[in-house]
Amino acid sequence: MEILMAFIIGILFMSATYLMLSKSLLRIIIGTGLLSHGAHLLLLTMGGLKRGAAPLLGEHAPSYTDPLPQALILTAIVISFGVTAFFLVLAYRTYQELGTDNMDRLRGNEGND
Amino acid sequence: MLMTIVLIAILCISVAIAGLIYRVIKGPTTPDRIVALDAIGINLVAIIALVSIALDTNAYLEVILLLGILAFIGTVAFSKYLEKGVIIENERDR
Amino acid sequence: MINFLILPILIPLISGVLLIFAAKHVMLQRWIAGLSALLTVIFSALLVQKVKTDGIQTLNLSNWEAPFGITLVSDMMSALLVLTTSIVAFACLIYSFKSIGHEREKYYYYAAFSFLIVGVNGAFTTGDIFNLFVFFEVMLMSSYVLIVLGGTKIQLRESVKYILVNVISSALFVIAVGFLYSVVGTLNMAHISVRISEISEVAQPGIITVIAVLFLIVFGLKGAIFPLYFWLPGSYYAPPAPVLALFGALLTKVGVYSIARTYTLFFYHDTGFTHQLLSTLAILTIILGVIGALAYWDIKKIVIYNIIIAVGVILVGLSSMTPDSLAGSIFYLIHDMLVKAALFLLAGIMAAIAGTSNLKKITGLIKQYPGLGWTFFIAALTLAGIPPFSGFIGKVLIVKGGFEAENFWGAAIVLMSSLLVLFSIMKIFINGFWGTPRAYKDADQVPVGKLMIAPVILIILGVFYGVGSEFVFPYISQAAETLSNPNIYIEAVLKEY
Amino acid sequence: MSLLHLAIISPFLLAILVPFAYKLFRQIHTGWFILPLPILLFSYFISYLSITSNQQSVTKSFSWIPTLGIDFTAKVDGLGLLFALLITGIGSLVVFYSIYYLDKNKEKLNTFYVYLLLFMGAMLGVVLSDNLLVLYTFWEFTSFSSFLLIGYWYHREKSRYGAQKSMIITVFGGLSMLAGIILLYIMTGTFSITEIIAQSDEIFANPLFVPALLCILLGAFTKSAQFPFHIWLPDAMEAPTPVSAYLHSATMVKAGIYLVARMSPVFAEHSLWLWLVAGFGIVTLFWGSFSAVKQTDLKSILAFSTVSQLGMIMSLLGIGAAALHFETVKDSYFTVATTAAVFHLINHATFKGSLFMVAGIVDHETGTRDIRKLGGLMNFMPITFTLAIIGTFAMAGLPPFNGFLSKEMFFTGMVRVLDMDIFNLDTWGILFPVIAWVASVFTFIYSMVLVFRTFTGKFQPEKLEKKPHEAPIGMLISPIVLASLVIIIGFFPNIISNTLISPAQAAIMPPAEGYLYDTHIYFWHGFTPELFMTLGVITLGILLFATLPKWRSVYGLFPKKLTLNRFYDGGLEIAQRGSMNFTKIYMNGSIRNYLIYIFTFFIVILGFALFAKDAFTFDASNISTIHFFEVLLALVIAVGSITILFAKSRLTSIILLGAVGYTVALFFVIFRAPDLALTQLVIETISVSLFLLCFYHLPKKRNEERMTFKMVNAVISVGVGAIVTLIALSAHSNKLFGSISQYYVENTYEKAAGKNMVNVILVDFRGFDTMFEIAVLGIAALGIFSMIKLRMGGGKKNENK
Amino acid sequence: MKTNDVILQTATKIVLFVIVLFSVYIFFAGHYTPGGGFVGGLLTAGAIILLLLAFDMKTVAKILPFNYMNMTALGLLIAIGTGAGALLFNKPFLTHAFTYAHVPVLGKLSLHTAAIFDLGVFLVVVGVTMTIIQTIGEDE
Amino acid sequence: MNGIADFFIIVFILLGAFLSLVAAYGVIRLPDVYTRNHAASKAATLGVMSVLLGSLIFFYVKDGYFNSRVLLGIVFIFMTSPVAGHLISRAAYNSGVKLWGQSVQDDLKSAPHMKKTASKDH
């Protein structure tokens, strides 16, 4: 499973990279979304998969999966949610103010004379 | 026995979801997509329930209700967006 | 009081929260923010003294013993950096009072400002690799808010780039932590160090080296090393002067600090590869930074490229890994934080007077603003490392360490970069302050005298820091000792090891 | 802190008071407040003569940064004292002169005197410091006070240019010298010159010795304006004339000479030192005197003359070093060159100082320094003329002035080069006397030009701004004092030989215990080659001076493009423009390009590390089983994320992103992470709805992307994906330690009273993380709120508000 | 355009009750079963969003007159306060304390300061989500 | 775990899975959004509810009590599904989605206040 996950994560990173390199702002933000999915899955995979029951003591299982990566991912998910929300609103405002979502037109070169 | 049935059921519902995804992508109108999405949400509930049985754990039962709630709110929001163009009205015109 | 070392994080955090409540009352906000900044300075100074007398301070948060909970660790380096951060923040805050404007003040400027300090101080203090990530995010999130606050076109446009790059680096940070966790199964920095040295007794496993490189990329993106700094000049150009000063002085330094921390605490077993790489990159960083600084005729840009040069210089010292060069790096790091902040604030005043930061349109300022001119002059000398100002000692130690470690190229380039730094910064002085004086349209509205307070404080501190190195140096060498001997750190954190 | 230290820093202390004095006493010329200090210092240093003439020295130490071996150790020995006397003596005269030269109503006297005092203190520091880093500190101070003084009239373009140029070149040298100092420290473990000299035999074989030597010499050469670094000195003439007299002829430019002299005991044993010092000196001598002839500005002539004279002193020091090299210190055969160097140093200060002041007077009274406009001033200013005659004749090496004596000794030294047999000096050595002689001829010519073109010939009042008349007496006093010294030393050279020259020489070439140098100077050597050389110089010089207009066109032969100034200007220009062009190429504001650099670096460097460290390992023993629905989910994610790449509509991409997100949530379900699944579901829903909310406002038009564009993207993204996968596989195969999380399993209930480990970790074990995680959320909300509400960019205001 | 949303509004009133109940449950149960302040907060926010969907901003503001920004700050303050409480006892920051209390009807009940901390999380999440939704909603 | 309970569980689960499949088939094959909505909101809901019922019984057998969350889930879906279906249909109609060409009746056509005003796709 871990090997499969490694490939899935690779695919997620690949797609994310591709999207982040494209011109339109929306696609870039979607790319960051995929990127964080990949990162979270990776963190989970790195803790080892399916090594026991869900980390709830009520399960009375002989072994539990590693709860620590899960806690870390939870934190990371929340943070990336905040960032994504911010980024989206930023994209919206950028379009409102500058009238484009094409990164090529968002170059700008102040002070480059 | 039970496990086999559960796995078969998961398979069935997976196929159903796949079909619904086809509808989501195909369209042709936005309401079609919403219908399909709503159905996907509901089917996910079923999948979670089946997975809980398969894993013999009640850890995921919260997820069931949560999914139901989300699917409902999502559908309401979508349909409202379609109907009125806005999702949240500042002041409802009477 | 065992919780002493958390105060520099806690005070700005609480004040940041209170500032949200006080959003509509500008004067109240200023009082809260100013008071908390002052308190932070005082407590971090006390903390430095405490670390000096009692050794490394640790705090096991939530009372869980070391590798299991989160541990805050104040060794001398982190305490010094926290103190410097607090001072810089205080100065920028004073400057903000007179320059940032009511609109931004009403929209949570001070709150975001406080949270930024929380993030920076936290990142310097934490002893847990994932917690470092969290503090990075606090810092970055506040910096996003600060960079975009005001919503002008250039701010929005540059924020997009800034955020994108930082989102990528955050994701890489998460995967780097993931990889590291997979290999060593722990998050506490001291514990990681112990475990890595256990498996690296013969040779550092290849995977650790790869992870080290990955961490270098992650922190390098924040610390703006070659070839990861490209986002920086454009993005730092956008926000107003005090924010720029804060960014220039603090944000990249957090990246540099993290490289310093990880490369002295974790990844010191294969210096032939990792530190050689670091050294090469540092040299290239200096060269490209210098090229950038030479290229522009814009005050802000010139100073911005000088950030990059400074990062390179510090990393050259770090990569040499001799006690002298480490001390030099720390010395230079603190020096650069003080002076960069001052320079950005001064550049901000110049731009405010002239209404532009284009050097070709500014001339003869010294006639009307001699105080500004001379402060700038001293700042320029300090930046270039002219003795007896503060850059000098750091640079001498870095060069000395470089020669001792037979890193001749690094040392030579650090020295020559001084000349070009001086040239680039004197270009501002010669063209902007000298020359035929002329009248500027909005110059009367700039409260130059009040704005000068902050940079003057910083410059005085900087000068003292250089001339009074003897008083400072025991602190620096204690910090360097911890860096060059990880066991001190480990013993302080994991008592039983 | 001793009286000696106080003496060194007293100019700095006074400098602090100057602005107040200037503010409070506007009516009194600020110079009067300054004048007492150099006089006082001069008399203070005179008192040391009795010590040094016995070849003793005084050392006073004061801790500055002892931890780093930086102590402010002041040491007065013969060499240091000689310079200290020059600095304070000439300093007094210059300050006095400046009181009359600078108008108290027109000039910003406060800044002028602050700079001057800074310089004086710095220069004293340079010559009296025993610690190399302290010396370096003061050294840079002299550079910067010089920079400020050259830029004193900062509204002039040329002043700014000259100031920048002098700063760049001298600081460049200074940094190189710093490198040398650090190398010396690495070899010897000390910054103290005395201790380094004591260890000089041991470091001779060190591989760092030669680099250190080169670095130090570079510093000395730039400061003392040796060829090819001399180009800053003529441009430095933009400074007020008292400054030129003081800094750029008498003192600061001699700091390099001082350094070479000071470091001779360390380095002179190496033949490279000898070669370089003598060689650069002689070339500079020639080039300076040769270039001086073609100048038309009085101060330019003097500047080039200074360059050439500095070269002369330098070459003498180099040849004198032969005595150390051959260890024949006690034999005066080679040491005569050193004696000549020290002697000429003094002489040069006297006659060049007076000449600069004369040039200043001419400038002051006529409004121009251009010799093409001047002429026939003899009748208007006879005293000045007399002073000029004395100065120039001394410079030209004519008897009975002191210049003649040192010139004779110079020739002696040069002739003795022929007797050295190191390197190729036995063959090439003949060049030394020849070049020296030719250079002397040119020296003679420009000296004559200087005095006769200005004071004799046709008077051209129409070209002058003012009506010329004799300068006020106050302005004349200083040059008169110097000119008298020229004559006194000329007639009685031996009054300084044992008090000043011999102790200085002892410092340059430390003799054995108890040995005293005999530096008696003779007028008459008999019919030696030197005498004939001098006669030849005079004869040919007169001839060439008379025919100057005819052969002047020789100078036109040199292509303008090849001059060193062009080289400097062009280099600077190319550096700046090249940097700009280069920077513009890669700093084009396109985030895509930046990301390509970043990702390429990511791929290359991690790939290289994986490969070079043989880090890729693959171990399938420690993996969990795969169920078919997991494969199904994996397929959904893979297909979903790849489909996004090709999705035409934005809505589809957003929905697919949502689908991927939900599948991730399902993965969390399968991987026994119920908390994660819950959170991911809610978050994903909210994210998707935010996407929809914001995307509604984004433009419909799709941004076209070309094929190459896509290919680059594809290559890079595949690379990134592959690297991540490879590292993930190897990291997974290298689980070298158990996780610490067993602790949580054991203690969640007993110590934290919870059952949901993840939640307990979140609120308790790692509650600190959570606290800042929600802080991040709060900050994001702040940002979103203010981003939407606060619009300073002139965008449309929110109507609902 | 006039539409009546009687069906939606009626359904909302009932469903809202279910959601809020569930979110409170999930919030309190978090220490033992999946859930916690974070998900609970999000769900509560979801309930408010449903209200916003069914009614309108003004009406909801009348029913729930909160300044969500201040709610966020309050949540943060509570979370920090829980941590800082430990400072009074000279314990490391964020040290939690818990005890078991016997309440007549409910039986053994654990009282845990972590719950207060979680309440902070809950408030922050509700505040943040609602701030975002509200500001974007107002900007439409 | 007794046989009868198992039997009920299996029946409910299989029934649910089957209904879901049918619903999906309907959504794919039916001609317009209104008819598809019928399939989705009725068949799928019923399918899911029966699956949930199956799992409710499963956990009842396992734990000995009715799991409140599953029960709540069933109630919730039962309540909201019709509302959601109604909203979608109304939204579709008001946003002007045409009925299938072979539809025989359109009751709302004559209602003057329900004329479509909102544009079809934003």
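A, B, C, D, E and F are the chain letters, set down in written order, and residue numbers restart from 1 in every chain.
Everything below uses one rule, namely that contacts are C-beta pairs under 8 Å (C-beta built on N, C-alpha and C of every residue); 3 or more make two chains touch, one makes a residue touch a chain.
Please read all numbers here as calculations on a predicted model, not as lab measurements.
Chemist: Which chains, if any, touch chain B and chain E both?
Modeler: Touches both chain B and chain E: A, D, F.
Chemist: More C-beta contacts across A-D or across A-E?
Modeler: If we tally the contacting C-beta pairs, A-D comes out ahead.
Chemist: If we define chain centres by averaging CA atoms, which chain lands farthest from chain A? Would you check?
Modeler: D
Chemist: Report the chain whose CA-based centre is farthest from the CA-based centre of chain F.
Modeler: The most distant chain relative to chain F turns out to be D.
Chemist: Of all the chains, which has the CA centre nearest the overall CA centre?
Modeler: If one averages C-alpha positions chain by chain, the most central is C.
Chemist: Just how far, in Å, is the C-alpha centre of chain E from the one of chain D?
Modeler: 64
Chemist: Find the geometric centre of each of chain A and chain B from their Cα atoms only, then give the gap between the two centres in Å, rounded to an integer.
Modeler: Comparing mean C-alpha positions, chain B is 23 Å from chain A.
Chemist: Using Cα averages as centroids, what's the distance between chain C and chain F in whole Å?
Modeler: So the centroids are 58 Å from each other.
Chemist: Please compute the C-alpha centroid of chain A, do the same for chain C, then give the distance between them in whole Å.
Modeler: 27
Chemist: Can you tell me which residues of chain D touch two or more of the remaining chains?
Modeler: In chain D, residues 584, 587, 589, 591, 595, 670, 672, 674-675, 677-679, 682-683, 686, 690, 693-694, 724, 728, 731-732, 735, 739-740, 744, 754-756, 758, 762, 764-770, 773-780, 782-785, 787-789, 791, 793, 795, 800 touch at least two other chains, as defined above.
Chemist: On chain A, where are the residues touching two or more other chains?
Modeler: Within chain A, the residues that touch at least two other chains are 20, 25, 38, 40, 42, 45-47, 53-54, 56, 58, 68, 72, 74-75, 78-79, 82-83, 85-86, 89-91, 93, 97, 103, 106, 108, 112.
Chemist: Where in chain F do residues touch two or more of the other chains?
Modeler: In chain F, the residues touching two or more other chains are 69, 72, 76, 80, 83, 87, 90, 94, 118, 122.
Chemist: What chain-chain pairs meet the touch criterion?
Modeler: According to the stated criterion, the contacting chain pairs are A-B, A-C, A-D, A-E, B-D, B-E, B-F, C-D, C-E, D-E, E-F.
Chemist: Which stretch or stretches of chain D touch chain A in the complex?
Modeler: Chain D reaches chain A through residues 584, 587-592, 595-596, 599, 620, 622-626, 630-631, 634, 637-638, 641-642, 644-645, 650, 653-654, 657, 660-661, 664, 667-668, 670-676, 679-680, 683, 686-687, 690-691, 693-695, 697-699, 702-703, 705, 712-714, 716-718, 720-722, 724-725, 728-729, 731-732, 735, 739-741, 744-745, 748-749, 754-758, 761-762, 765-766, 769-770, 773-774, 776-777, 779-780, 783-784, 787-788, 791, 793, 795-796.
Chemist: Name, in rising order, each residue of chain B that touches chain E in their complex.
Modeler: Per the stated touch rule, the residues are 59-60, 62-63, 65-66, 69-70, 72-73, 76-77, 80, 83-84, 86-94.
Chemist: Could you pull out which chain A residues touch chain C in their complex?
Modeler: Going by the criterion above, the answer is residues 20, 25, 28, 32, 35-36, 38-40, 42-43, 45-47, 68-69, 72, 75-76, 79-80, 82-83, 86-87, 90-91, 93-94, 97-98, 103, 106, 108, 110-113.
Chemist: Name, in rising order, each residue of chain B that touches chain F in their complex.
Modeler: 1-2, 5-6, 8-9, 12-13, 15-17, 19-20, 22-23, 29-32, 34-36, 38-39, 42-43, 45-46, 49-50, 52-53, 56, 58, 61-62, 64-65, 68-69, 71-72, 75-76, 78-85
Chemist: Help me check something: in the complex, which residues belonging to chain E touch chain B?
Modeler: My answer: residues 1-3, 8, 15, 19, 22, 26, 33-35, 39, 43, 46, 49-50, 52-59, 133, 137-138, 140.
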